[in-house]
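Same chain, two partners: subunit A is paired with subunit B first, then with subunit C.
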Partner chain A sequence: MDLDALASCLASPACLVTQTTSGLIIGMLLFLVAVGLTLIFGVLKVVNFSHGAFYMFGAYFAMTAYQLTGSFALAILAGAAGTAILGLIFERVFMSRVYGRDVLMQLLVCYAFVLIFDDVVRMIWGPEFKSMGMPAAFQVPPLFIAGGVVPPYYLLLIGVALAAAVVLGLGLARSRIGKVIRAAAQNPGMVSALGINTGLIYGGVFALGGMLAGLAGALAAPVRSLTPGMGFSVLIESFIVTVIGGMGSILGALIGALLIGLIRSFGSLGFPLFTEGLMYLFMVIVLVSRPTGLFGKEVA
Partner chain B sequence: MTRTRKPGISRRSTLALMGAGAVTFAAPWVARAQVKTIKIGMPTILSGRVAQLGTSSRNAVMLEVEKVNAAGGLAGRQIEMVIRDSKGQPQEAARIARELVNTDGCEMLLDGEASSGSFAVHEVARDLGVLCIHTCSEASSLTADPKQHIPNAFRCVRQGIHDSIVGASYAAGIAKTKGLKKWATCSPDYAYGRDTTGEFVLYLKKFAPDVEIISESWPKLFQPDYTEVVTKILQAKPQALYSCLWGGDLTSYIDQANIYAMFTQMEVFAVNMADYTALTVVKNLPKGIHSGDRYIKTFPPTPENAAWGDAYKAKYNEYPTNWSWQNATAVMFLNEAVKKANSTDGKKVAEALTGLTIKCPFGADGTVTMRADDHTLVGYAIGWGTTIPQEPYVPDVKAGDWKTIFELEAEWKKSKGYT
Partner chain C sequence: MTELQAGQGAQTLAPPRIDARPQRYRDVLIALVAFVVLALLPMMFGSKQLLDFVIRCAAYGLFATSLNLLVGYTGLISFGHGMFFGLGAYGFGLMMQKTGVPIPVAFVATLAITCVVAVVIGAICVRLKEIYFAFVTLAFQMLIHSTILSWQSLTGGDQGLRGGIPRPPFLGIDLSNHLHLYITSCALLVIGLLLMRQIAQSPFGYTLRMIRDNATRASFIGIDVWRAKLTIFVLAALFAATGGMIMALFVSGAYPEFAYWTISGEGIFINMLGGVTTFLGPMVGTVLLLILNDTVTRLTEYHGIVLGIVILFFAIGLRKGLMDFVVEWFAQRRGEGRG
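Moving on to the complex of A and B:
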């Protein structure tokens, strides 16, 4: 434990700025993965254990597009669009067959695809780790805000993730499609009776979830190494986020992800040997005091 | 006129068959020795996160085995490699090693496992008494600890303690000239990371007593994001940073630290940087990272080493790794030991290997030795230098001094109670 380091950091604006942005970027990437997970669970009632694979595919798609075109914008687009299509196919062909089945059956199918997707990546891109490299536009010295260090790329990353959160939140709350999705989550039978194609809604939600994870992967590609299996480590933390925030809650995923990000960034100063433990401890505290998570709804 | 041929075996071929039979039965050992291949078993890691290293080990072994076979094999017997994937799991490595000997009839083992697996294979070698050369485990205790010593096992690998001594003496030299007193460390949180960092710091303080460690970070192995570690180190404002992160973890760390301009704010010593797996993957490799040599074809700066690196690249379309040169050296050792023993009998080969010095492209002076008292590789090229973003990546490697290594290694062994 090194509480002096934590206290001196909290007293210094430079350190506060650096550690807060560090927490924000960890949190925002986690949010993009976790929100897809929570959305799919909320509507489809499936715990998508293979969600990390979409993060992985997003990163690989982005890297390939970047190598082919040299355009970072196209790389991001390829990461998001590619995983959306993949999500749609995966849901229609495989996941749609296990709705309403035993949870173990769903887990088994998802876990099988964790392994299959990893092997697919290995076959296409090879087993060795890859690096996409930072686009030239962002190879600039970091900004200094109140003495704290903030890389411009991370500002973009936080901005894109925030924009995704706002669009998603508003879209679900205000738009017609959003209403249909929420209705399908509550009572799919009734929605179907009203003449709405629930299969399409389910496929769409899965594609959206996959797209968000793919977006996270594409945004992370310039700063993280790409390997088969890279989705798994992100998945565990995303589960922690959804459990803390409440399964099915988008606001919960946002708050949960930011809390985890901040716990990591400040925890590494104050509790360097217990940063991971701190995350789990926090999850336990939340679960004991609010078993449905911070923003989860009580199950009737 | 037509020639008729009676069905059945002609007199001529009957005679030939009888002749051949007589030779075979009269001297069966000659026939067997000339026909029978020698099987060498090799458990290594061919799937999972470090598959690239296992594959590069297999490649290097095959490259050398082809040469030995083309020159007539081991004492006239062609080598047949039986290589199996342990997936990096120690219990699987041990099971495969046992099976290779008992079921597949392998007469020798090359153990291409990382440290965790090699200790397991070592126990199999102890049990079966089969000749075993470890080719990948750098854990010093595997051969330094007398409890591990068995007459039939050898280690043809660089060693953690050698790296720490050479790295620390190089780093201390730079610390003294540049006045680097405040140091931070950032290494993966498992046995290798902790031990290597501990030994490096121990010797750094010995060579440069002014040095003080002001910040330590222990990210977990295969952690995807290091941002909190990077910013923590920036807050501590050290003058130099030591890291033994490796592979994809190291390249992630560099990409993430780069955008915080970390490499302009402190001297960075990353022991595992100068390996082609990392050097060729990082897109924006910062200039001036200090690194130990893992494998680069320009160190030792000899035509033999360069030729070997190029031959490997020509065959496999990628550069060799640190595991490659070690595995290649193991095959070279086997070849020379069998020649010396004039036999492929495991016991005789083990005796010939003990204390054997061979010509080798990876030797500091063109030779390497299998030290007699602890059955481990010494005299290999070992050094440190600084990186540039393109080939040859580490243009000027400062070679470590084996005399110093031997002295300090002996002291270290004594301090550990090994001698």
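Moving on to the complex of A and C:
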């Protein structure tokens, strides 16, 4: 424990800004992964245990696209689009076979794909750590806000994630497709009786969830190292986020992700050996006091 | 829960035999025969590989069967059961390395530690429903794993507990002797299985089946569902820790992989492979998975792909474990014989 470090950081604006930004980027990446998880659970009623693999594929697709084209925008696009297609195929061919069955079966199918996807990445890209490198456009001196160091790339990352949150929230609340998706989450039988192809909606939602995770992976590629199995810790953390925020709630995922991000970045100062533990401790406190999460509703 | 689901459950809930005592004698007899056969094995086949295989089967078998008490009998799908396997291995290894107490003392002390940890984690987890339960147990597993990795001064971090675990002889048993270790592992396996069988066939075991089939009804007739679930969670943890201790003795060390989530995933898969509707299903699954693992690792380095495809084949294709097929086949034959 190093409470002095934490206290002195809280007292200095420069350190406060630096730690808050790093907390925000952890939180925003987690949000993108967790919101996909929570969306898939809300509509399809399955927890996609292989969701971390989409994050991993997003990062690897982005790296390859960046190396081939040299364009960062194309890299992000490749990460998002590639995982969307992967999600659609995965849902239609495999996951759709285990809906309504035992949770055990759903977990096993996903477990199988965690193993397969990790090995596929190892086969294609090799087992060693890779790094994509910061795109040239962002290799500029960092900004100084109140004395704290903020790389411009972090601002882009936070901006993109926030934009995704707003588009997703508004889209689900206002647009026609959003209404159909919410209706399908409530009563899929009725939606299908009204002549709407629910299989398409399920596939679409899974693709959307996979795309958001892929987007997170692509955005993370310049700042994190890439390795097979990198998705798993992200999966666990984003699951903790959805437990804290409440399964099925987008606002909950946002708040939960930001809380976890800040806990991680400030916790690493105060309790360097117990940073992960803090996260679990927080989850336990939420679970004991509000078993359905901060913004969750009791699922029937 | 709909009537349809309740009806499905009722099918598996055969009434306990009124004369449970003969069945208990039969179980003890089977256990004795199994132990004698296992003990005679080294005399017939001297191969060290075979004995090693049986020891590993004992470690994983205890772990997988204890998981079946949760998954198959109580309907609690724990995806973090491996944490107790790791806890057993590390607890025992550390106790032997740091304190130098006799092996039986370390054994009991490790079980006591596991019990305390399982009570704390279980008290939080068993309130939760299916998928939440699965993931929160998984989260605790990752917490224990990351604690092992970061607490380097005690656990050796990602290198694991190295330098070997001292194995001083006790009561004429010398566990550094391979044959003694083998016999002890077999004894622990047989005793563990027998105890778990007793739990499963006891009135408490039938209470668990009832909770699995209809928890609401169980609580209506006055069963404290939370306490029953917590009890079986802790009991299962103790058997998993025993498996971990056998593993620690076998490899003379403990590694972070023992507490990694893949151990839990393998446990779940073993149960699926062998089938959760029979008591010995997980044991059969353990033998199959270990053979599969050994073969695949010898043939290819991409052992996740092969294992993944096998899992998919079972989960989507067969939808049942091997023992389920065997039981069905017997039931069918018996039906034909009568008809």
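Everything that follows uses one rule, which is that the second predicted complex is superposed on the first by the 298 of 300 C-alpha atoms of A that agree within 3 Å, B and C clash if a C-alpha of one lies under 4 Å from a C-alpha of the other, contacts with A are read in each partner's own complex, and residues count from 1 in each chain.
Operating definition for what follows: a residue touches a chain if its C-beta (ideal position, glycine included) is under 8 Å from a C-beta of that chain, and two chains touch if they have at least 3 such contacts.
Computed from a prediction, not measured in an experiment: that's the story for all the values here.
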Partner chain(s) touched by A:Val120 [first = subunit B, second = subunit C, both, neither]: second
Touching partner for A:Val47 - first (subunit B), second (subunit C), both, neither: second
First, second, both or neither for A:Glu91, with subunit B first and subunit C second: neither
First (subunit B), second (subunit C), both or neither touched by A:Ile240: second
Subunit B versus subunit C as contact partner of A:Leu107, first or second or both or neither: second
Which superposed partner A:Glu276 touches (first subunit B, second subunit C, both, neither): both
Contact residues common to both interfaces of subunit A (with subunit B and with subunit C): 233, 273, 276
For the subunit A and subunit C complex, residues of the former touching the latter: 47, 94, 97-98, 103-105, 107-109, 111-116, 118-120, 122-123, 232-233, 236, 239-240, 243, 247, 273, 276-277, 280, 283-284, 287-288, 291
Touching residues (chain side subunit A, partner subunit B) in the complex: 5, 9, 15, 18-19, 22-23, 25-26, 29, 127-134, 138-139, 141-142, 149, 151, 153-154, 220, 222-225, 227, 229-230, 233-234, 264-265, 267-269, 272-273, 275-276
Interface residues, subunit C side, partner subunit A - complex: 71, 77, 79, 124, 127-128, 130-132, 134-136, 138-140, 142-143, 146-147, 150-151, 261, 265, 268-269, 272, 302-305, 307-309, 311-312, 314-316, 319
Of subunit B, residues touching subunit A in the complex: 47-49, 51-52, 55, 216-218, 220, 222-225, 227-232, 234-235, 247-249, 251-252, 255-256, 258-261, 277, 281-284
